[in-house]
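Two complexes, one shared chain (subunit A), two partners (subunit B, subunit C).
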Partner chain A sequence: MRPILMKGHERPLTFLRYNRDGDLLFSCAKDHTPTVWYADNGDRLGTYRGHNGAVWSCDVSRDSARLITGSADQTAKLWDVSTGRELFSFRFDAPARSVEFAIGDALAVITTDNFMDHVPTVQVKHIAEDLDDQTDESALVITGIKGRINRAVWGPLNRTIITAGEDATIRIWDTETGKLLKESDKESGHQKTISSLSKSADWSHFITGSLDKSAKLWDSRTLTLIKTYVTERPVNAVDISPTHDTVVLGGGQDAMNVTMTDRRAGKFEAKFYHKILQEEIGGVKGHFGPINALAFNPDGRSFSSGGEDGYVRLHHFDSDYFNIKM
Partner chain B sequence: MAAAAAQQKIRWGELEEDDGGDLDFLLPPRVVVGPDENGFKKVIEYRFDDDGNKVKVTTTTRVRKLAKARLSRSAIERRQWPKFGDALKEDAGSRLTMVSTEEILLERPRAPGSKADEPAASGDPLAVASKGGAVLMVCRTCGKKGDHWTSKCPYKDLAPPTESFSDRPPTSDGPPAAGGPAKGAYVPPTLRGGADRSGGDSMRRRNDENSVRVTNLSEDTREPDLLELFRAFGPVSRVYVAVDQKTGSSRGFGFVNFVHREDAEKAISKLNGYGYDNLILRVEWATPRPN
Partner chain C sequence: MALTTSMEGLEARARELAVDLSAVDLDSITLPAGEDFGILSDDEEVLRNEDPPELEMGLSNIMVVDNLPVVPPEKFEKLENVIRKIYSQIGAIKENGLWMPVNPETKKTYGYCFIEYNTPQEAELAREKTNGYKLDKSHIFAVNMLDDFEKYMKVPDTWTPAEIKPYTPGENLLKWLTDEKARDQFVIRAGTLTEVYWNDARKQAPELVFQKQYWTDSFIQWSPLGTYLATVHRQGSQVWGGENGFERLMRFAHPMVKLIDFSPGERYLITYSSHEPSNPRDTHRVVLNIFDVRTGKVMRDFKGSADEFTAGGNIGVSGVSWPIFRWGGGKDDKYFARLGKNIISVYETDTFSLLDKKSLKVENVVDFSWSPTDPIISLFVPEMGGGNQPARVSLVQIPGKEELRQKNLFSVSDCKMYWQNNGEYLAVQVDRYTKTKKSTYTGFELFRIKERDIPIEVLELENKNDKIIAFAWEPKGHRFAIIHGDGPRPDVSFYTMRTANNTSRVSKLTTLKAKQANALFWSPAGRFIVLAGLKGFNGQLEFYNVDELETMATGEHFMATDIMWDPTGRYLATAVTSVHEMENGFQIWSFNGKHLYKVSKDHFYQFIWRPRPPSLLTPEKEEEISKNLKKYSKKYEQEDQDAFNQLSEQERKRRTQLQEEWDSWVAKWKQIHEEERAYRRELRDGDASDEEEEYEAKEVEVEEVVDVTEEVLAFDLDQE
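Showing the complex of A and B:
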């Protein structure tokens, strides 16, 4: 396959997200300007100007009308996808790290970092259909997690919120009461910071990637550990194929050590593993720095990776990928 | 042509002086045609060249369809969205999106089609190694074949390492400190404990230290003459007179190697400046040949 290289960002990529139809790809980077691309040919459709800090994550509504972004400038912003117009800005006391729309797009979960005196929080905001009704108030605030929360996502049917972060523990919270329901086992769970979390297409299970050089597959309801995928490098990004029994892990050595070692030593590959057999299927090379973001197209026929090198690489799978027999 | 250019210049002269040719508003808008059914897209742009001429630039590109995409109606609608933000200012020449020139393959950890023998243990280096060349793999520590490499030997700590035998100095003069550097650090062969220290030294003595150079020899001086002259000072191990290969005559210098350094010293002090065959000899230590 000949990947499409998209050089729209000047700083390392942080997050990639496809819309539900899989025709748009949203990319976030540390250069303040989230960008939207056509996911088939890589043409840039537009940029969302207004943030004043690194943008850590984004999510797009089901109808691809609205985009929400969380940024280090202590805001989360709502955008009109088609025009790039800023619709609303949620202000926080600390950088907003992870954002996600709930099913129905009426709620959004936003996490804020531990910053100066502030403890990390998970906040749920109402997203009003009419912009005039939009408020800054939080419907729910969850505190009590130590260490930065790198990712917070909605559980099945919006009943729970799943969080993962620096303390290497995955937690499931009740969305109604804000109570802690489940916590991952210290023994079987990750040993180091969880850097990424990605749900399967039906939200029944999710995968977490960690700096302990492994990725783990969990059940979304019971939080039982299903599978473990072991690699050679810290994992920065993970995703699950929506159509095949494949997971992809991306990472590489610490960005600060990249210049001190050989390029091959960095292992800046997107590694594909068989979801069930936990066996490595293959690797896709190309980035000059660690991979920070990975996303499968919802049609399962392509995937994109974003690296510390500022490039987004869009790969359309060859037929041999679909014919792999284990 | 030149006249036309001049005319253009005069016509737009004043404006150009005002602001460096920012006349883009005078140009017809950009036209994009296609892509047609063959995937050819035509972009027609207008710009002014350096001489102020209006130039029509037609760029024909082939749009490759990279994936069979069944787009939903809303996705097709999104195709028609006008560009916004920074993408609006983007011109056709800014190559933000490029197709990689390099063919990137999904690199399989093993050859496609080959069955994994032990799927569960494929990550185990030992299993991988055993798949490689089981016949060649012989452990030098415990002698087991096909099980592990020497470095992976489980009995490595129990069995005395084989290197220590060969490393032990066969002669008494090698102090144990010489083999002292921690294992793993590189030690040149001449400095290794096992190397024949004394032999090496005597070799060096013969070659460099006890070698005496004799210059200003007369042409008909031969090696026996030189040996005759120097034997008086002590045992001589080698005598050599440089001979011109073409003429067969002496080139006027030679080397004498003594077995003992003291004898060489004596010879130098006595024979340097000694008149021999109408010539005054010059005898000195032979400097080691620069390598």
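Showing the complex of A and C:
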């Protein structure tokens, strides 16, 4: 089907997130305003104004009432989804990059970059139900990772936190003690910066995309490498289909090299791979810059991609997609 | 006595003894004579480790010149001066380094003298240069190193028969040709790895044969018949091959070797190196060695300044055009030739010396090329004297050096020569000035070598102003293709040297208009050609059948930089090498343009098919086979089918296995997920948790009565 082109951001996209019902799509970009769209027809519903820097990621609570965003303006903010009102602002010493609510939405994990003299951290904050009780204090701070942490997510049952970033290593941390539990193998793991990480619907496994031109599928509990998807371009964004045995990889040539070659050389396609066979099944072209963000709709019938070109493209799958056989 | 070697140790000891080190005047301490406390003086150590100073022990810088005239004392001085003159040109003779002994009885010289140079190198050079020097008719110098005399003295006086070693059969170097599936090999170089593969079109994947890291320092090259794979290193070149994979067969020492070239029959290997001069005003020094590939012996070497080897004068300022020596006379490797100033030097491999001891003199010659099969040289001399002397293309027979045919050409700006690979035809592409001399146009002179008197035919394009972008003969055939035109989409024309009714006239077959092509690649078996648009055309490919004059398929290998047919003409490889940053790798196509498979490799440098020696079948036999192709192909079709079945069977198994593996993962996760259900609910404050239990899609039909009204309708009977 023809993709729906959603033009609302003025700068490259950084992150896309559907709410649980799959009717809303939240987008973050390097301009300062996260935006919410109708996930079905791509109409713009509203924006969240208040950040003063690029917004790197966001997450929405299970009941679609609250949004959390992490921004380069060294804050992470809580928003009221329906009114667009800023509820609370967590202040940090460095840009906030990755944010995610835990199961139950009572906790959030936020990462901060290595900035000036500050080392990168992973911080856990309590999210109070009543805003009056909300504090800025961290329940847990994890340090000791070298290089920027591009993504930190909760493991099953909030017992662990999984981090991945510039040092190409995936780590699992204990949320009780803040101790390192597991580390991915140097040999079989990624060789370059891990740019993205995305969990399966039941959180049992997750996929990582890396600039080493591959994506890898891991067990969330044991950190066992299950699958590797090899592609021809650096991978900036990945996601796992919630309903089908499909994963999607997006990326492309470095933005700085784009103008030097033909558009086709850049490989700005979203590539679909069979999750089990690790074989490429198809690609969706359209962006004229690298793809920075990808997300499947929770119903598995559509996906959206956000590019360096500032567009979000919303694709509903054709019927062929649902008839792919092994 | 304790040995204190380090300063810290010393200080520690001093503290122990409560001695203030700073207060001690170390210089005032004198040791008993001959006592060093086991500590060696630094100076002594250096002396001990150093190599013993080079003493002038050997006599390697002295040589003996024999066959001098025997002269009386009155002529002694004159002879000495002559010899001194000859030898001081080569290097500085040592003071009193020339000694010509005199017979004390006759007062005459013995007819030999000793010359001592400063270095053995100079002496060696002088020996090389003057051995065989003709002073006059009866006095030809015989020069030897003094050191060598000892060697010659050891030669026993009585002849003993050479020990005959039992024959050991050599390896079958052509083993790869006996592949059951008749596949071809290719070698690739990517990153630090060099790998040899079988091209397995049935499996649609390459099969690794051999792999080695850091196999070569710069590049790799197959010998022309595919027997050897040559690697290039700092110390020289090596060739690899053999029955079991790739073992080293021979080494060819040549320090700093840069370029190598095999003779067409792969008997000889020419290696080349150029060396920075010590004096920046001098030109580069060039060294060339010709090795026998099988024995590894140096057959001949050439040394000199780069100028001497920069042929013709029309070649770049600093570089030489490679190959410097071009091989001729077909697969027998009989002759090789080099272009010099006003000469073409032809050497023969029987003696590795100039043919008839002199070069072929051709005033102002700028280019020459050999017939691929016969000992015939075609050469080109440009216009001289402002157009008074016409330009000239001529054919010269070797070894006789007779001119077979020549053609004078007027207002020529440039000229290129293309031999057909059977040596039947020669096409000379001539760029001529128009009358105004402002622009040029192109024509072709076509020579029919195998016909009597070598008739020449002139071919001009229909549009004379078209630029020629590419020209290519059909291998083993009589057709050729030209890409011509000015615009971004040039035309491609096919011509044949034979026409149905007139066998000796060139005629055009067809012209394809507006093609995205700038290079031509004929299949080595002829008949098929790939029109390729490299570089600016982004790798467009068109597979064309010249027999039927139809396009079989088109394709694209984005940004392809290289295109190579396999030696049999069954498959085509297209590659993007590391000149481009992205998309490095190669793709394999069938001859009719079906894309077979693709391999991506970062830092991809080289792809070369392993050449095959020419077929041993007679042309009659080949024809018979192609006539009864159906009969032969049956067997292969069956094999293809079997292989395909087997493959799909394997593939199916692999897929089932993967699926099973996956299912076991999923089962495990499901189980854990179930176990954790309660905890999750707790985390969510008892909120009914997971999707599956929360909503259920059900289709419910609800009928609802909205409204009920009664109406009386008038019924009109008249309407019937």
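Here, the second predicted complex is superposed on the first by the 326 of 326 C-alpha atoms of A that agree within 3 Å, B and C clash if a C-alpha of one lies under 4 Å from a C-alpha of the other, contacts with A are read in each partner's own complex, and residues count from 1 in each chain.
Following the convention adopted for this analysis, contacts are C-beta pairs under 8 Å (C-beta built on N, C-alpha and C of every residue); 3 or more make two chains touch, one makes a residue touch a chain.
The model shown is predicted, which means the values in this text are computed figures rather than measured ones.
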Put subunit B and subunit C onto subunit A via the superposition and say whether they clash or fit. clash
Which partner chains sit in contact with A:64 here, subunit B, subunit C, both or neither? Use first/second/both/neither. first
Which of the two partners, first being subunit B and second being subunit C, lies in contact with A:277: first, second, both, or neither? both
Thinking of the overlay built on chain A, is A:41 touched by subunit B (first), by subunit C (second), by both, or by neither? first
Of the two partners subunit B and subunit C, which one touches more residues belonging to subunit A? B
Touch test for A:219: subunit B only (first), subunit C only (second), both, or neither? second
If you stack the two complexes on chain A, which partner ends up touching A:205: first (subunit B), second (subunit C), both, or neither? second
Between subunit B (first) and subunit C (second), which does A:320 come into contact with in this model arrangement: first, second, both, or neither? first
Please report the subunit A residues shared by its interface with subunit B and its interface with subunit C. 277, 326
Hey, which residues of subunit A end up touching subunit B in the complex? 1-8, 21-24, 33, 35, 37-38, 40-49, 63-64, 82-84, 230, 269, 272, 277, 279-286, 299, 301-302, 313, 315-318, 320-321, 324, 326
Touching residues (chain side subunit A, partner subunit C) in the complex: 62, 102-104, 106, 156-158, 201-202, 204-205, 219, 221, 226, 232-233, 245, 253, 257, 261-262, 264-267, 275-277, 326
Which stretch or stretches of subunit C touch subunit A in the complex? 538, 558-559, 580-583, 600, 655, 658-659, 662, 665, 669, 672-673, 676, 679-680, 683-685, 687, 690-691
Which residues of subunit B touch subunit A in the complex? 63-69, 71-72, 74-75, 78-79, 81, 83-88, 90, 95-109, 112, 116, 119, 122-123
